[in-house]
Structures are given as structure tokens and as C-alpha cells.
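What follows is a pair of complexes built around chain A, which joins chain B in one and chain C in the other.
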Partner chain A sequence: MSVLSKPWIWAWLAALVTFAATIGLTSGRGTGELAYAALSFGAFAAIVGMGQMLVITLGPGNVDLSIPAVMTLSATLALKAMGSEPGTALMGLGVALAVGIGAGIANYALIFLLRLPPIIATLAASLVYQSLAIWSNRGLRIRPPEGLADFATGRMLGLPNVAWVGLVIAVVLWAVLERSIWGRWLLASGQNMRAARLAGIPVELVRATTYLVVAALAGLAGYLLASFSGGAALNMGAEYLLTSIAVVVIGGTSIAGGYSNVPGVWGAALFMFLVVSMLNSYGAGAGVRSVLTGAIIIGIVIAASTRRLRT
Partner chain B sequence: MTRKMMLLGAAGLVAATGAAQAQSDTSGMRIALSNNYAGNSWRQAMLQTWQETAEEAVSEGVVAAADAYTTSENQATEQAAQIQNMILQGYDAIVVNAASPTALNGAIAEACNAGLTVVSFDGIVTEPCAWRIAVDFEQMGREQVAYLAEQLPEGGNLLEIRGLAGVFVDEAISAGVHDGVAQNDQFEIVGSVNGDWAQDVAQKAVSGVLPSLPEIAGVVTQGGDGYGAAQAFEAAGRDTPLIILGNRQDELEWWAEQRDANGYETLSLSIAPGVASLAFWVTQQILAGEDVPKDLTVPFLTITQDDLDQALADTPEGSVANVSYSREDAQQVISDAR
Partner chain C sequence: MNVIARHRIILPVVSLAVLLAATFWLQPRAMSYFGLNLLFNLAVPIALATIAQMLIIMVNDIDLSVGAFVSLAACVTATILNDTPALGVLVLALMVAGYAAMGVVIHRLELPAIVVTLGMSFIWGGLALFVLPSPGGTSPGWLRTLMTVKPPLIPAAVLAALLIGGITHLMIMRSGLGTVLRGVGGNTRSVARAGWSVTRLKALAYGLAGFFGVLSGMALVGLTTSADANIALRYTLLSIAGVILGGGEFTGGKISPVGAVIGALTLTLAASFLSFLRLSPDWQIGAQGAILILVLTARLLFNRKGVAA
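Up next, the complex of A and B:
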């Protein structure tokens, strides 16, 4: 029973069940297609979800609501800087990451210097980022350079390239959280910030880096998503606000902070795509779909959290 | 001076203002645009058209000012407060693209009571004192199916891409599509997904549902989602069906590429963001004392195979196909409604 006690197992089980239910409808046709689509679209949710996971791990009240706006702003500025010219992909990546890190610094400055609660600080900052994105390009859609678009939509060893990016980030984050001193500091700060501070952990440094990392990951996700879908759009990040939080919770990360769960985020990201696909395939209307999605999410969270209490 | 005389004087003042309107002079009047959302390329093009129309009208002395205001959170309460501010600022007319058809009615009624002219367009309001420049969204749905029936006389399976769940525009277009399918029973809707009028969301939703769908002959859309659907079909290695497109430049460019490669034929059906300029001129006509019916209808922007090249040439890269309406167009729309 030890594997069932892992909080991440429930997200993966749910993803597998929804996958099987969808494939059952088509009697096996399109299995590869569906798995490929789930990995492609799940990767974006997983990348921003892992960032959100780090912030939520910091403890109650810590959440980054500026993820959608940072995605939009990074993607808009990166695509504008590249201007569809070939060979500019790395420069564009640099712009996207720099914008992300800049937004992270601004977010943390609001939280630390003005002592604003993170929910307010990141929400207010996101209005500024969104306005900057609108102002910088007026919603014009610039195509990504062809090589970059081919990379974002391409595959390697049968897996989508964007999924590889998401997997590499997952492995790195897992190693950092489980094996590095910074990861231990983050978990300790999330479990009890006061105790961590008294124990000599540089709590504010940990918070600062966390808000920087989440914004950088949002910038990367925006850059990849814009390259994947043929350009940045002003509303491109909108659906990742709730998704980024949902995948963290479904994935078995404690919403109270102090416990991270990298594999769960990936399982939940796949599940979030598959559950919509399954309900669409069964012809459920938008209302039924929302109700069922909500009910399933609550079920998984309950399953994951009761298991944790028993162990 | 007796109280009676004062009242007479006030009545005379009102009559004088009325007379000024009949002289069609609006040069001293100020119009405000209350806009609920700016976060997509259609709205950006809409605001730009408004600005161009307003600047020209102001420099020609048609009106004294035509300022645009956009709420940041797309909330009806926020927009109601914005409208109340406009009343206090002494505007003569408010042009509104509303966050909700009903939630602003209180603020709109206040504006009417304060003597302002209120014209709603695109996102219209139900308050009877306001004018409505509405889009016949159901007709938009029916016309898509009518075009498919023309192009695919033998019929087939349809995939419906809907907009944002719970918004009345989505309900209306979908009702029109279903009505059209009921009239053309050679078609069957085998799948329906929500694309939220966003390219990447549509691409994701279609990718997820495609494996479970039989062969698709046509895709009915709501605008902003056609290119995403095309990408999803391509990624799944399926034949591209007949996808009705909207007016975004990337959709039109994709259409032109397909046409050159394999003679692909389709139709683009949308509402031009320039409808803001139509609203401006209708408002000006009302202020000038014209007798304007309360309900007006916006013409569709239709791009066919024949005028695709022209439309592409006229549309800035990455923007949306647009037309700007003139005072004469507004007069035409008004006389059509009479």
C-alpha cells in the first residue's frame, strides 16, 4: 500500500482513468493521438503549475496571480523582439526570461517593501503587466521565427518537444527540492516561517528566489505557448490562472504549504486536459462539463488528503 | 420675479436647447465611449478605429470631444461607476459596449434621466431609453450552415466550436447554428467544444476531442478559433474540413496559403471592429436631432473567395480585417431600420 499513500498517485490514476474512458469510446482508435495531445498541452500547464507549486509551498497566503499576465507580456515582447527573423530564437528566449525575472523582482518588491499580501500584490502587478503587453504591441499578432515554431510543435523520440522541456524542468525542480539545501529551506519556511527564521534560514531570500523562479517559468511558458500556437495573443494566459492553482492542488501539494509534489503536478496537468477531452468526447454540454470537472477535482483532493492523514 | 416666471424661463431654455438640436449643430457636444474590455486584438482594433474616427471628427469640428474609457476588470459594477462618472463630467452622450445586457441598466437610466443620449453597441443593454446597435448573432450561425449546405450538398458531420460558456453571444450563435442544422438535415453535429474565442484554447479543445470523432466535413466557428481548429486537424494528420473562418489576419493568411496549395474554399464571417465608428456616427446623428429608431442592426463583414486577396492586403499583419463606417454609412443603417 506504500505507493497508494503517495499523494501524487491520485492525479496519475485519475489521468489514466479519464484516458481509458476516452479511448474506450473510440475502441482504441486515436490512442497515440490523444496521448500526444495531452503531453503537448499538459506541458504548458505543468510548467506554470510547477512554478505555482513552489510559491504555494511557501505557506498560507503565498500565491502568484500574475502568471497569466507575465505569460502574455513575456510572449508579446519576445515575439516582438524576434520579429519573425530566423536565428533569433535564443535572443527571444532571453527576452522572455528577462521579462519574467523582471516581473518576479517587481512582485517580490511589492510584497517585501510595501508589505502587501501576495494575493493583492501579484493581482495588482498583473494589471500593470497586462497593460504593458497591450501598450507594447496593441494586440498585433507577430509570428514566431519558423525554426522556433517547428521546434515548439515538433517531436523527439516520439514525445513533443514542449513535453521534454517540461520534463527537464520537473527533474531539475525535483532534485532541487529533495536534494539541495535551498529546497530544504523552502520546505522548512513553508512549514513554519517563524521557526525557520529562528533556525537561521534566510527566509526572505528563499521567498525572493521563489517569486523570481515562478515568474521566470511563466515567461518560459508564455514564450513556448506563443511559439506553439503561431503568435502571442493578449488573452493567451487567461486560462492558466485557475489551471496553475488546480494542478498544484490536484497533484497532492499541500495548500497549507510546506510539502511540494513535482510528479503530482505533471499527473494533474495531463488529467486537466484529458478530463475536458473525455467530457467533450462524450458530448457533455458546457454546464455538465463544469459541474463534473469540479466534482472530480474535489474527489481527487479528498482522496489525496485523507491518505496523507493516515500515514 | 415670481416662481411662475422662473418656470417659464426654464421652459424657454429647454426649448432653446431643443431648437439648437434641430439645427444639427453638434460642434459643442462631447461624447464618451464606455468600453468594458480591451484584452484581445478585436477590441484593440475597435479602440483604434474609435480613436481615428474621433480625432478626425474633432478636428473637423463635428463634435467637441470623443474620449474613450476602458474598465480594467470587465466588471459590470466597475462599468456602472464609470458611467456615473461620465454623467458627472458633463458629457452629452455615452456610447457603451456593455459588460452585461442588464446589470448596467440602473446607471444607464440615470444617464438618460440626466439628459444624456446613450447608445449601446456590440454588447448591448436592455434599458429602453438607450439605443441598441445589435449584431444578429443567430443569423450569423444560420448563415454559416447555409454556406456549408451550398458547398457540401451531400452533407456530413459537423464539429461546432463554441465561444465562452455562459455568455449570451455564444448561446445566440449556437442557437442559430442548431436552427440551421435543423433546416438542413443532411448535416449532423457530432461534436461540440468551447474554444473561448481564443486560438490556443480552440486548438487544445479540438485536439482533445478529435480522436473520438468520425470524419468531419465542416467546422462551424464563432470567430478567433478557425486557425486553431485548422492547426489541430493538421497535427492529428487528418484531412482539413471546410472550416468557416473569422476575420483575424492569421486565419485569412492560412486560407490564402491553402487556396494556393489545393484550391481550398471557405467563407469568413465576422463583425468588423469598426462598428465603433458606426456607433459614433449614429450617436452624432441622434445628437444632431435626427429621428433614429432605437434598434439598429450591424451589417456582417463577409469575405469570400473573390475578395480574399483584397482583404489580406488591407489588413495589417497580425491584426483583424476591419472597415471604418462613415457618417453616410450610419445614415444608411438608420434609414434601413426605419
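Up next, the complex of A and C:
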């Protein structure tokens, strides 16, 4: 069991290579700034990616397509509740998390009560959330309270605060998956839901909590992203639909379910940001950037699958 | 079996009829040649994209790149196909071949389709930006004429929907090859044991999906007369919703081409219906979601009754 056989190592190696390639171009100037930016922007992708990872771990057919809409809705409502007043940051966080958890309950209710496939349930629900966000946003642009904006863009011990939040979540999730009974239940359900049910695992409870957690994480990410970028926008979540799935897969989590990989998600989130900034610094246009991003995602999936076939 | 097969289509038909009746009740003027054409005009490209998605779902995969692919087809149609038709046809044919190749890669390397198509959506999107960096282009004249043609008695959009549904029904539900294709979704192994090359069948299913994706892009340009790289991105989710609304299922090759077309029409009509209700445009997207949930709830009740009877 060498280090190279760990599924998360590839995402980190890829992130390091792109980092080096970008730094190589500027011959070392801006190293710190690049790492700092990668950690800041990567944190948002990592937070929603870790949520998506839990859902995908539940097994085939489980994926949450409502992440972007939940991010937008919770950010919009939280900023509206705070109304730029100082000292309301915690209340705003509460609103964002409550909206996220509410969305999670709604998603799971559709899946469980109506027996909808999760893809279609979260998709239909996300359309409703999107409308709610449009309705409550109506052209107004509320700035986050000053203290909160300072926190979201600030740093501690040299690392961006948002990255700290992402790291704490990663450590907690890792501990939960590896050490807690709920984590074991989740992995077992993902590997074989029928066997897990027969073994006495409360499978539906596990699914319910998973859909709650992913929505709560999306709410948190939306709250942080809006505070970071100075306000909520209706399209702020859009890019995280594909990104959240991409970081999970690149990070080495099995798309077939049953195997989670927390460090890989972080590596992949950094990688996704670094690829774009590398291509930017080599002067590639938006089209080339997008084509190469797609090629890299497919390349990594193919590489991962040939490795799996060999062993 | 025949009864169940017939039941599968009843619900989509009823939901479309109910929605249509409600629309006519709210806005009697829609009950005319021009009214119907206006209501369903934009449904034609969506129906074609839904058929493309259905062909992928038929073989137990899912396609997250339909929207980006249709956008690319639209951009190629509005630029290359308009300027140099021969080259345009070649490029569109290559795109279809690319789709077939994607199916082969997914099958041969046992890759998850959801991830490969996700990656491909970035590639199609990038190529679209490459072809048409800023919104614009022009629709070829013949395409514009074709999409605005006014046949007697039946509005063009309705006629197109009937044609799309009818042809794909014959192709997938009635033909021998279509049955084998659905068999790939039902039980891949037994199809392979029966001597079919699953790789070729998947290439065929994906190639057909690419073909319908290209048609969708062309139809869209014929209607809107210009294109941009993001013109059809929302088709990815709409097409998945349309397939399921039409009575299709994600696994087992259980799909219905006629249902998929009806699903696409229902989703398009949902938006118009809400604007006739004078509900604020904020709720139009949400209404599509709510109608989707309602119809699927009805399906659940329907299934339960079926079990009890």
C-alpha cells in the first residue's frame, strides 16, 4: 500500500503540476498570491464538492442537482435578513443554514414520499428554489455587513479564512466517515443498499441526513461566497453544478458509490482553480480554456479507470 | 404487457391535455392556428433535444452535455453552415461522429457516462465559443423558411411534434434494431450473449442522439435567426425532465419517444400557462418545477392504483 495507490494522490499531484507550470511561466513571481487565490476560490468548490461527495457515495443515481439554486437562495435570503446591519453575521449564518436544511428536507421529501429518482427530484426542486431566489432578489443588491465581508476576505495564520472553514469541514467529515457509526452506515449503504438494509442499517435515515448535510453545506457555501464577493447574484451558483460533480470524480471518489475521499475533493478543487489560472496566464481564450478543462476531466477519469482495471 | 405499455403513455397525454385545456380556458384566443403555433414554436428544438437525451437514457446512461452540444450545433449552423454549406455539413457530421465515439469510449473503458458527458460539455461549450465568440451569426435562408412554414390546417409546430414523435416511435419501438437498442438498457449481458456487439449498439445510440442534438440546434437557429454559445444550456436539465415526464425511467431501457415529445411540449406549455395566469415572470421557472413535481406525483398515484387493481 504505497502512497501512490491512494486514490486522492492524483488530484494533489495534478494540482501541484499545474501550480508549478503556472509559477514556471512567471519564474516564481506571485507564488504566494497564486496559492492564496487557489485556497480562497478552491474553498467554495471544496465545500459544495464534499457535500456532493456524500450524496454520490450513497450509490448510483444519487446526485444533488439543486446545489447552485440552494446556494443562491440561501445567500439571497441571508443577505436580505442581515440588511447590511453590523453584528448580524451570526443571524445571517443561521438563516443560510436554515434555508439549506429546509431545502434538504424538501429534496428528501420528494425523493422519499414521491419515490422520485434523486436526479429528477433535486432538479425539479431546484427550479422552485431558483424562482424563490429571483422573487426575493428582484434587482436589489444588498452588501454583506462590514465585519462579515472582512472575515470572508480576510486571513488567519497566512491562510484565507474561507479555506480554514473548508478545512475544518473536511476534518470533521473525514472523522465522521472514518470513525463514526453514521459514516460506516453511509459507506455500507452506498456499497449495497439492499445488503445494508438487511443488516439492520437504517438506510432511509442515512439517506435523509445525507441530503440534509449536502443542502446545509450548499447554504453555507452560498453565504460565504456572497460575503466574499460583496453580495448575492442570481447566477452565483451556476458554475458549481458541474464543478461540484467534477471535483468529486477527479478527487478519486467512486462514482459507483460506497467509497468517499475527502482529501481528494480538496486536491481536485485546488486543481480546478489552478488549471483555469494556468491557462489564463498562458494567454488562452475562454474557448480553449473550456476545451482543455473538459479534456483534462475526461483524461483523469480514463487514467483512473485504467489504473482500476490493472489492479 | 400491452395494457401496461399503453398505460405508460396515458399520464403524459392527460397532463398535456389538462394543461392545454387550462391554457385555452384562460386565454381562448390561444385556441387558433397562430395561437397554437406561438405556444409550441419553441417546443420543437426542446423536443428534439429530449429525444437525444432519451436515446442516451435508453442505454442506461445519462447525458449532461446535451445543452452544450445543441448550443455548439446552433453556433455552427449560424456561422459555418450559413457561409460555406458544404463545410458546415461536414462539421455537423463530425459532431455526430464525435458523439458516437463518445459512446464507444464510455462502453469500452467502462467509464461513468455522467462524468464523461460532463467533461464533454466543457469541450462542446469551448468549441462553441471558438466558432462564435460573441452572440450573432445568421440563420441559413432555407432553414428560416422551413421553420416559419405555414402548412394548411395544422400549425407547423404541432405538425413537427407529430412528425418527431411518429418517426422516433417507428424507429425505436417498432423496428427490430430499436428493440435491440432498448434491450441494451434492459439487459446488456443478454444482448451481448445473443451475439450483438454492444459497442456498436452504443455507438449507434449515441450517434443517433448526436444526430437529434444537431437537428435541435438547427431548429433553434431557424426560429431565433441567430445563436450564441450559451443559447441552449438549459436544455440539459429540460431534456432530462422531459424524458421522465414522458413516462421514461432512468434504468432498464424503459422509454417512450412519443411520451418524451409530449413531456417537452408540457414543459414548454407550462411557461406560457403561467404567463397567462398573470403570475409574475419570477415564477416561470419555478412553475415548470412545480408542474414537473405534480405530474410525477400523479404518476405515483397512478402506479399505486395499477398495483391494487
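The definition used in the following text is that the second predicted complex is superposed on the first by the 301 of 311 C-alpha atoms of A that agree within 3 Å, B and C clash if a C-alpha of one lies under 4 Å from a C-alpha of the other, contacts with A are read in each partner's own complex, and residues count from 1 in each chain.
The rule is simple: contacts are C-beta pairs under 8 Å (C-beta built on N, C-alpha and C of every residue); 3 or more make two chains touch, one makes a residue touch a chain.
Remember, predicted model here, so these are calculated numbers, not experimental data.
Engineer: Determine, for the superposed arrangement built on chain A, whether chain B and chain C clash or fit.
Structural biologist: clash
Engineer: Contact-wise, after the overlay, does A:S277 reach chain B, chain C, both or neither (first, second, both, neither)?
Structural biologist: first
Engineer: Who does A:S229 touch here: chain B (first), chain C (second), both, or neither?
Structural biologist: A:S229: touches chain B, not chain C.
Engineer: One more residue to check, A:L65. First (chain B), second (chain C), both or neither?
Structural biologist: Second partner only, chain C.
Engineer: Return first, second, both or neither, reflecting whether A:I255 touches chain B, chain C, both chains, or no partner chain.
Structural biologist: A:I255 sits against chain C, while chain B stays out of touch.
Engineer: Can A:I134 be said to touch chain B (first), chain C (second), both, or neither?
Structural biologist: In the superposition, A:I134 contacts both chain B and chain C.
Engineer: With the two complexes superposed on chain A, say which partner A:R29 touches: chain B (first), chain C (second), both, or neither.
Structural biologist: first
Engineer: Of the partners chain B and chain C, which touch A:A21 in the superposed model: first, second, both, neither?
Structural biologist: Once the two structures are laid over each other on A, A:A21 reaches no partner at all.
Engineer: Looking at chain C, which part out of 186-194, 204-212, 222-230 or 240-248 clashes with chain B after superposition?
Structural biologist: Clashes with chain B appear only in stretch 222-230.
Engineer: Would you tell me the residues on chain A in contact with chain B in one complex that are also in contact with chain C in the other?
Structural biologist: 127, 130-131, 134, 138, 285-287, 290
Engineer: Taking the touch rule as given, give the residues of chain C at its contact with chain A in the complex, in rising order.
Structural biologist: Chain C reaches chain A through residues 62, 64, 105, 109-112, 114-116, 118-130, 133, 237, 240-241, 244, 249-251, 280, 282-290, 292-293, 296-297, 300.
Engineer: If you look only at chain A, which of its residues touch chain B in the complex?
Structural biologist: The contact residues of chain A facing chain B are 22-23, 25-26, 29-31, 33-34, 37-38, 40-41, 127, 130-131, 134, 138-143, 153, 225, 228-231, 233-236, 238-239, 273-274, 276-277, 280-281, 283, 285-287, 290.
Engineer: Residue numbers of chain A touching chain C in their complex, please.
Structural biologist: Per the touch definition, chain A meets chain C at residues 61, 63, 65, 110, 114-117, 119-120, 123-132, 134-135, 138, 242, 245-246, 249, 255-256, 285-298, 301-302, 305-306, 309.
Engineer: Across the complex, what residues on chain B touch chain A?
Structural biologist: 38-41, 43-45, 48, 72, 162, 165-166, 191-194, 196, 198-201, 203-205, 207-213, 227-228, 231, 235-237, 248-250, 316-319
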